[in-house]
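Below are the structure tokens for one structure; questions will follow.
Letters A, B and C mark the chains as written, and numbering starts fresh at 1 in each.
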Amino acid sequence: MRIAFGMIAPDAGTIRVRGRPVRFASPSDAIAAGIGMVHQQFSLVPEMTVAENVALGGHGRYDRQQVAARVLKIAGRLGMTLNPFTKVRELTASERQKLEIVRTFAHNATTIILDEPTAVLTPADIGDLFVQLRSFADSGGSVILITHKLQDALAHADEVTVLRKGHCVLNAPMISVDETSLADAMLGRAQDIQSPLQRKNPVQSRIVLELKNVSVLNDIGVEQLRNISLQINAGEIVGIAALEGAAKPLLRLLAGRMAPTSGDITQPLSVGFVPEDRLQDSVIPNFSLIENMALRNSATHSGRLNWPEIRNTTADVVSRYDVRTSSAHARMADLSGGNQQKFVLGRELNDRPELLVLENPTQGLDIHATAEIHDRIRTARDEGTAIVIYSSDLDELAALSDRVLVVGKEIATTKPDRDVIGRSLLSRMT
Amino acid sequence: MTAELALFADSVVRAVPLILTGLAVALAFRAGVFNIGAEGQFLVGAAAAAATSIKLASFPGVATLIIALTSGAIAGAFWAAIAAELRRRFHVLEIISTIMLNFIALYLISFVVRGPLQEPTHIYPQTESLAEAARLPIIMPGTRLHAGIVIAIIVAILLSWIFRNTAIGFRIRAIGAGPRAAQTAGMIDVERLSWAVFLWSGAIAGLAGAIEVSGVTFALYENISPGYGYTAIAVALIAGLNPLAVIISGVFFGALETGASALQRDFAIPSSIAGMTEALLILATLAFAGLRNRSIGLSGNER
Amino acid sequence: MSAFETFLQGTIRTATPLAFAALGETVTERAGIINVGLEGAIIAGAFGGFVTAGFAGTWAGFAGAGIAGVLVASIFAFFTIRLRANQIIGGTAISLFGLGLTATLYRQIYGATGAALSIPTMGAMKVPLLSSVPLIGSSVFEQPPITYALYAIVPLVWVWMYYTHAGLGLRAVGEDSRAAAAAGIPVRRTQFLAILFGGFLGGVAGGVLVIAQSGSFAEGMSAGRGFIAIAVVVLGRWHPLGVLAAALTFAAASALQYLFQAMGWTIPYQTFLALPYVLTLLGLAGIAGKARPPGSLGKWQTLD
């Protein structure tokens, strides 16, 4: 799709728009050809306003009022409310998505590509979205929906194409396929993806982490968490569902990377942390695997470093976690995302911490790496580690968690069921 | 004393301040601290050493020398601390603040050699000469090669050992190569460690100034540094920020500048060609690093 | 002329090259690139202006200065954008290179003694009517014409930055280059052009030093102005008008020596020489937390 939107040039083959072959040197060419893209992330400038973001890519004089009026008009037509003068960083995830859609319409798109649009939306918003897409399609537009949510595809699409490992393995009208055949095509083998995996051991009653009336204020005094109390037991997986921005402080608090402004927190000494932004927060890309291994707990090391021991530990983790690499001396940047993440998981679990905190651990990973990571998480749980996992993918939370905490400024507990979580999140938004 | 040996000795003499300031820069850059202020730190170190040497003329020679070198290091650390504090408290980019401090140091020296520390006849803008006993011993008779080279090599070996073998050396490398990961995954207090490295870097540069006064010039005057602190950047980068390689790089640049002076003297080729060559070398290193798609031990991102 | 008028005239005189350089750097930094090689552009412009004015007159001299600045900046652009080198190190290298190259060329072409050769200079020109305005007229409107060019360029850049789509695009690139790319803005080209523009104005700044002020070239005559300009950009909060105001403030501080001399206060002259640099430090500290730099300044965000 990035080729379709002009972000990457194809090495072979042709692109045709309405029968005419075209070449896109950049996204502005694609936009000019009537193709609009609603991205998964990183496509809006947070410091700029709604109107400015819509105006990006235009030509000539820039008239703020004119753009604002246009935004209001389009939003109104689509049944949305958007204030053209708010800065994007103040918008919620679903508002940003609406903005992206307004933007594609502002550029007179006739084809809209949506990249995993429902990952951060509540069920109500998802319903609205598909209603708008359907009416757009009915009036002659084309919609390309990239998704791994089979339900969404089956319910709304007219035609389906399945890509696996860069090849097209299936292309058919939607009425001729069902969930099983889609799953088979995607995974390459028959998989029962519906039944939840059974726990081996019951949740232990030993409390590993406890928060009592904890509040967190950020450095400009804004309250991020208010009076949170919770307990995490050994051997359980607690899922965190949250609106964007609310989970980060809580996770860092749990992982011991942030101190509470008030309240009590009882934490284990050893906590493993797998943050979302792996290349910035978790590993040093230019360092070798061995050096990245030394990173864990490096603040507590003193005196001489025992490199031979660290080398052995690295080799051990590489083999136990099936990290595909040429050697332990390889640069972290040379590994694939999935292997990097497996390494990080192995590193954090290596000294058998009592608590493991994960932040969107499988984001951006392919289906196989995701499955491997999920397996490791379950194994750690079976060995008695307490696990807290935040994911913006509600299905992942539902599949892994024993219970789910829904976090706004306060916390509520729900069952690990997708719709229940979704509804609870929605009620927190209003 | 052959001409070649004399030239070699001269190159090494020239190399001592380059090696030490190069080490100061390499240390800082490794930690992600862009200390462009080695020049100013060198100058205040030289001033502190001159001042203590002269004021403490009554002490036994070796004691004076040690105190002078130490005060030079402390002065350099202090000068760096100004920029370090500005960075810590006010998020002032250290590349700007250290350069500003370089200029301030320059004018400070100008004031000092015309005022409080001026030589007794009050004619020349310089301090009086250091007593014989307060000077660094010459280690190669017949040349100007002084014990400072030994100090420089020791510091280089020490830094190299620290980087390779110690936990703190690893942490310093980590905060330079991946500050956020160092903080989040390594639980390292990046701000505190950068601050400390900044001061140590200043101390080494200040020591360089103290050694130059105590071993070569034996007095403080205005143009005591022909830009050592800036050349140090080239020295450090060409050496890939590796302390042992800085020794070689420093000697190389020392030879370049000695040779350039000779070229100007004998063939009227501008000695500024050395400066240009150095800059070209930095660019070449950058190009090479860029083509190989590796950074020189630093992340390309701002902290 | 009263002491105040002398002070004001000195202020504007000092501010002119600073403002040119800072304005150019503002555009560069608004595209997310910090160019510490600005010093190299300035000294290159000084030398280029010196050489060109010598055989082609003052305005041609300024053109030559600007071109010299562009050439130096283009080297920086190549390293930073094409090779993705670290901006700080690359910029420092460019500054060193510029200083070394100009010194070498000057000695080569004009002799190793570095004798002060002179060229046609641009003198002050009174603006009819306006120069008679009481108090400020004799200084604001009695400057070399290049200063009047500055008066015109600042609002032009301002309008371009905030009232055209191209300017909006520039600001988007500087805030979040990934988002800008997704919106179809050519990020690398924008940054490249921004760097060149900054180099051009930096070169002009150097030209001002030589053609409109000293009348000759001296090695290292940029005297750290490139770095002060970077501080001026911060103090001016990356806004063309703010940057002009900040440049004037700086210049005013160093022009204070005239006022002090007139009032008969004897202070070591080094104080005034050091004052701009001290002020830079204080100003940068003072602005802390109140000014937000462009989001992607100094970073390299991947475009994919």
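One rule holds for everything that comes next: a contact is a pair of C-beta atoms (placed from the backbone, for glycine too) under 8 Å apart; a residue touches a chain by one contact, two chains touch by 3 or more.
Predicted model only: the values in this text are computed from it and were never measured.
Participant: Counting C-beta pairs in contact, which two chains come out on top?
Facilitator: B-C
Participant: Which chain is most remote from chain B in terms of Cα centres?
Facilitator: A
Participant: Quick check: how many Å separate the C-alpha centres of chain A and chain B?
Facilitator: Centres of chain A and chain B (C-alpha means) sit 47 Å apart.
Participant: I'd like to verify one number: the distance from the centre of chain B to the centre of chain C, where each centre is the average of its C-alpha atoms, in whole angstrom.
Facilitator: 29
Participant: Centroid of chain A to centroid of chain C, CA atoms only: how many Å?
Facilitator: Distance between chain centres: 44 Å.
Participant: Any chance you could list the residues of chain C touching two or more other chains?
Facilitator: none
Participant: Where in chain B do residues touch two or more other chains at once?
Facilitator: 295, 301, in rising order.
Participant: If a residue has to touch 2 or more other chains to count, which residues of chain A qualify?
Facilitator: None at all.
Participant: For the complex, give me every residue of chain A touching chain B.
Facilitator: 256-257, 273, 275, 277, 280-287, 291, 294-305, 307
Participant: Inside the complex, what are the residues of chain A that reach chain C?
Facilitator: Listed in rising order, the residues of chain A that touch chain C are 2, 6-8, 26-31, 37, 39, 42-48, 52-53, 55-63, 103.
Participant: With touch defined as at the start, can you tell me which chain B residues reach chain C in the complex?
Facilitator: Per the stated touch rule, the residues are 34, 36, 82, 86, 89-93, 95-97, 99-104, 107-108, 110-111, 115, 230, 233-234, 237, 264, 268, 270, 272-280, 282-283, 286-287, 289-291, 295-296, 298, 300-302.
Participant: So in the complex, the part of chain C that touches chain B is made up of which residues?
Facilitator: Where chain C meets chain B, its residues are 36, 75, 79, 82-86, 88-90, 92-94, 96-97, 99-101, 103-104, 107-108, 112, 219, 223-224, 227-228, 230-231, 234, 268, 270-271, 273-274, 277-278, 280-281, 284-286, 288-289, 297-300.
Participant: Please output the residues of chain B touching chain A within their complex, sorted ascending.
Facilitator: Interface residues on chain B, with respect to chain A: 165-168, 170-171, 174, 177-178, 180-189, 294-295, 297, 299, 301.
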